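Two complexes are shown next, each including chain A; its partner changes from chain B in the first to chain C in the second.
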Partner chain A sequence: MRFYEYESKALFAKHGLPLGTRQVVNSAAEARAAAEAIGGPTVIKGQVLSGGRMKAGAVKFADTPDEAAAEFEAVLPVIVNGESARSILIEEKSPIAHEYFVSVTWDGRRKLPVVLFSDMGGIDIEEVAETHPEHLSRTHFSTILPLSERVAKEAIGAVGVTGSDLNKLVPIVYKLIQLFLEYDLTLAEINPLAKLDDGRFIVLDGHLDMEAEARGDHKALLAELGIGDDETRQARPPTEFEIAGARVNAVDHRGVAGNVVEFDGNLGLIIGAGGGSLTLFDAVRKQGGKPANYCEIGGNPSMSKVKNLTKLILSKPGVDKIAVMMNVVSNTRVDIVARGVIKGCIEAGKDPAEVIAIFRIPGAWEDEGFKILAKHGVEYCDRSVSMYEAAGRACAKMGSN
Partner chain B sequence: MPGMFIDVEVDAKVAADAELTKKLVEVCTVSIFAAKDDGTLDIVEDNLDECVLCDLCIQAAPKGTVRVKKLYE
Partner chain C sequence: MSILITAQTTFIVQGITGREAVNLTRENLDYGAKIIGGVTPGRAGRDVYGVPVYDCVRDIVKAHGQPEGAIVSVPPRFTKDAVFEAIENGIKTIVIVTENIPRGQVAQMVELANLRGARIIGPNCLGIISPDEAKMGGVGGPAANTRQAYTKGPIGVMSRSGGMTTEIASTLTAAGLGQSTCVSIGGDAIIGTSYAELMPFFEADDETKAIAIYSEPGGRMEAELAEWVKENNSRLPIVAFMAGRFMDEMKGMRFGHAGTIVEGKEDTTAEKIERMEAAGIAVAERIEEIPGLIRSALSSKGIEV
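Showing the complex of A and B:
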């Protein structure tokens, strides 16, 4: 779940990270008053969860309080990637001498957290990685061994920062790493982290993502920031389809058939099991398939839960077929999922043999499941067919590869 | 009316027995059995396809009086 910039900065401030004077405002009058209080040039920033604010025109600059009020009116209606601003942040405009980038996130390949640091901040870090790789350091650290400032020092020093700049940056980066670990974040990023003309360093923009499953462990913080239990805080508001998917999962406590994310393709996906969802989704895309959705099933969902998810996916305009694929399952029953998808197809008025492109769920009760699938003429396969190959077969039926 | 995948048959004598009905209602994890107002057995057709083939109902009643049929075999 993502935090708005003003919330990220509230957390930064709580932990002593250096920030400019700022205020969240909700009217032009408040914007004028905030700019007066700041007493100098200001930045007016729309508070949205998605990126691309500057390009969309949701960040403006003002030299006077009247200009700040006018820019408030200009920024407020700006839609960024389909998202309206929740509020506006007025912040002092700082005289910048140099911009840095620092991010703490997880490296899935190394299975370790990593600090990314660059002395070329303020721009897209992927671009820096591609065009100036020597200006981006990657420093992994352990979640088991005690954390020390050494990690931050290594990350910063690796791009050639030395002297007093290094000394001033180390505590900032170290605090960001501590925040990352303390609040179960999946991303803690400051970009830009600015060196001002007077030599001070401050956080100009920040981005925090918390692991959604960790929300329960951080209720006090979320309450302090005013984040309600019902706020999903994804990159964009949930679609009707996604809300319906969440409902399918919520009404039945048995197993999981949820985390539905809508895409605009024609192949519906019922996927899951131990990372299988991501693997299978990628396998479909890599082989030219166009997923209509992402989802996760597992934990032995009931027949009706699978049925309702199937019906929901088949009700989505543009969905021609569905692919039902999982990793090898031990705690989900193949026969129950088979019953659910077949019944879902039939209740949706579709022929399972036609609409199910592939059923690839090996594991517990697969013999029973395969009997059900065979009776209904559905193409299925066992674990001798890899997930990648199964996804390829589905794509082939869609004419995608 | 059977489900799409599963049917459950119960002998009339068992279905009329309030004590056995109570037992069947208790053991079924997916609520296929319910008790009518008079204590006799009702089979909830909507739940038949939820059957997990645990056989607890078969064990709860006298041998051969409850039969779970897989309609896909």
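Showing the complex of A and C:
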């Protein structure tokens, strides 16, 4: 889950990282007042989760309070990658001598955290990695051995930074490493980390990402930052349909029937499990099908969960039929899914035989499941029909194959 | 032969009295596993399908000798402690079933395992099966269902998806290709053992003639495998199935597993397919293509299966 810039900076400030004077504002009047208090040139930044806001025009500069108020009005309506600004951050603009980049993240291959440091900050770091690899250092560190500042020093020194700059940078980078570990972050980045004309270093922009699985361990911090439990903070905010899907899954803890993602097609999908869903979604698209949704069922979900998921998907405007498909299941009972889906159809006022394009879930309790499906006249198949073929049969019924 | 587990492998189940653990204990016993004890703190003296329950791993070691493996099936916030306990009590193969463990904790478990010469499979996995010998984990489900999908033979299977491990095994079985060992390696961003780290085991196993893998977007594991294959001149042809191709255009969205997200170009299926094909790994678009691709790769080496 991503943090907005103003939230990241609140956390940086809490841990003593150096920042410019700044304020979150929600009106032009507030922007003018903030600029007056700052008393010099300011930068006005739209608060969005996606990148590329400078290019989109959501970052502007002002020399006077009046200009700041005007730029507030200019930045507020800017949409960045389909996302409108949650609020506006106004911050003092200081004369910059040099820009650095520092980021702490996980290296899944080495299975260790790694500090990336560059003395070419402010620009796209992937570009630096390609064109000036000697200006980007990668320093791995242990998660079980004692941590000390030498990790930061080595990361910074590796690109040739020395003198008082090195000594001023070490505590900043070390604090970022500590933040990364303390809050279960998957990314802690400062870019640019600026050296000002007067020799001070400050964080100009920062980006923090917390591991979704760790949210429960950091409730106090999230409450302090005002981040609600229902904020998924993915690449885009959830739709109403997706929120309803999450509610279906939260009703009881037995298995999964959720992780719903909305698409705009006419074929509802009740698919699983994790890898099976990815496989089946591809198979539907490859054969001309238009999915109305992505979802995952698995881990032996309760019948009522499957039923409610079925009803939710059938209630989506434009959904003509549903396809119920999984890989060969190990711990999910085929009969329970069959019962849940059929009940869901009936409660939604639909004929299961008509609305279920195909049922392909082989595995535990399949004979019992197939009996129930046969009784309701639903087309089903066992493992002798591949996942791809089953998806193809569903697509054919939609007249799209 | 097989890799990682055989019919003789002794192991324990940590968290044995939990609902899922009770099921998998029974399924593993029914499939022939030698489970010598279980752990649930505070439940010493009970038994689960005849397996004695203890408070600590140490107590099992004292009473029954050194177990080789452990299945860890405890809630996420207790997993790190359980894994540390297994490692510090001399257990060398640890299957972590639990999902939703923050990766910082997984990294700690892996670092300690590396220090002590232990191997972690998972987390967020269904474990290991050497067909007709034993299984360690929920892979395949009840013993009867497991026997239907998995048969003994020359193909090694590695999969980032537990369910797809069985789908692939079942497809191979239907085509007359049995499996040496199948490993559900886990769906998280950091896992104990990657494809490339398992390859030397398969390489050293005479029974294994070819490898099938299930892969998906996110991470560098496929790139690592491609490099391993190039550098080690592997005798084993590999066929990969790549799922989640639709995700290439959906940057920043998580689907399927915790580790399945496209952030950079290297996370995309397009890039992974390109790297694997460049290393001579055949990439299937449908699961049912795997047996044919394996047979043709083997027959070009003069091996008929």
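Annotations
The rule is short, and it goes like this: the second predicted complex is superposed on the first by the 242 of 401 C-alpha atoms of A that agree within 3 Å, B and C clash if a C-alpha of one lies under 4 Å from a C-alpha of the other, contacts with A are read in each partner's own complex, and residues count from 1 in each chain.
The criterion applied here is as follows: contacts are C-beta pairs under 8 Å (C-beta built on N, C-alpha and C of every residue); 3 or more make two chains touch, one makes a residue touch a chain.
Every value quoted in this text rests on a predicted model; they were computed, and no experiment measured them.
In the superposition on chain A, A:A214 contacts chain C only, with no contact to chain B. Legend: residue contacts after superposition of the two complexes on their common chain; A:I144 is shown touching chain C, with no touch to chain B. When both complexes are overlaid on chain A, the residue A:F101 reaches neither chain B nor chain C.
Which of chain B and chain C touches more residues of chain A: that partner is C. Looking at the shared chain after the overlay, A:I336 reaches chain B, while chain C stays out of its contact range. Judged by the touch definition given at the top, the superposed model places A:K371 against chain B, while chain C stays out of reach.
In the superposition on chain A, A:F12 makes contact with neither chain B nor chain C. On chain C, the positions that touch chain A within their shared complex are 20, 23, 76-77, 100-104, 106-108, 110-112, 115, 126, 138-142, 145-146, 149, 159-164, 166-167, 170-171, 174, 187, 189-190, 194, 214, 216, 219-221, 224, 241, 243-247, 250-260, 264, 285-288. Across the interface of their complex, chain C is touched by residues 50, 106, 108-109, 111-113, 126, 142-144, 181, 184, 186, 211-214, 217, 234-236, 259, 261, 272-279, 281-283, 285-286, 294, 296, 298, 326-331, 362-364, 383-384, 386-389 of chain A. Of all residues in chain A, only 302-304, 333, 335-336, 339, 342-343, 346, 368, 371-372, 375 touch chain B in the complex they form.
Interface residues of chain B, counted against chain A in their complex, comprise 4-5, 30, 49-50, 52-53, 70, 72-73.
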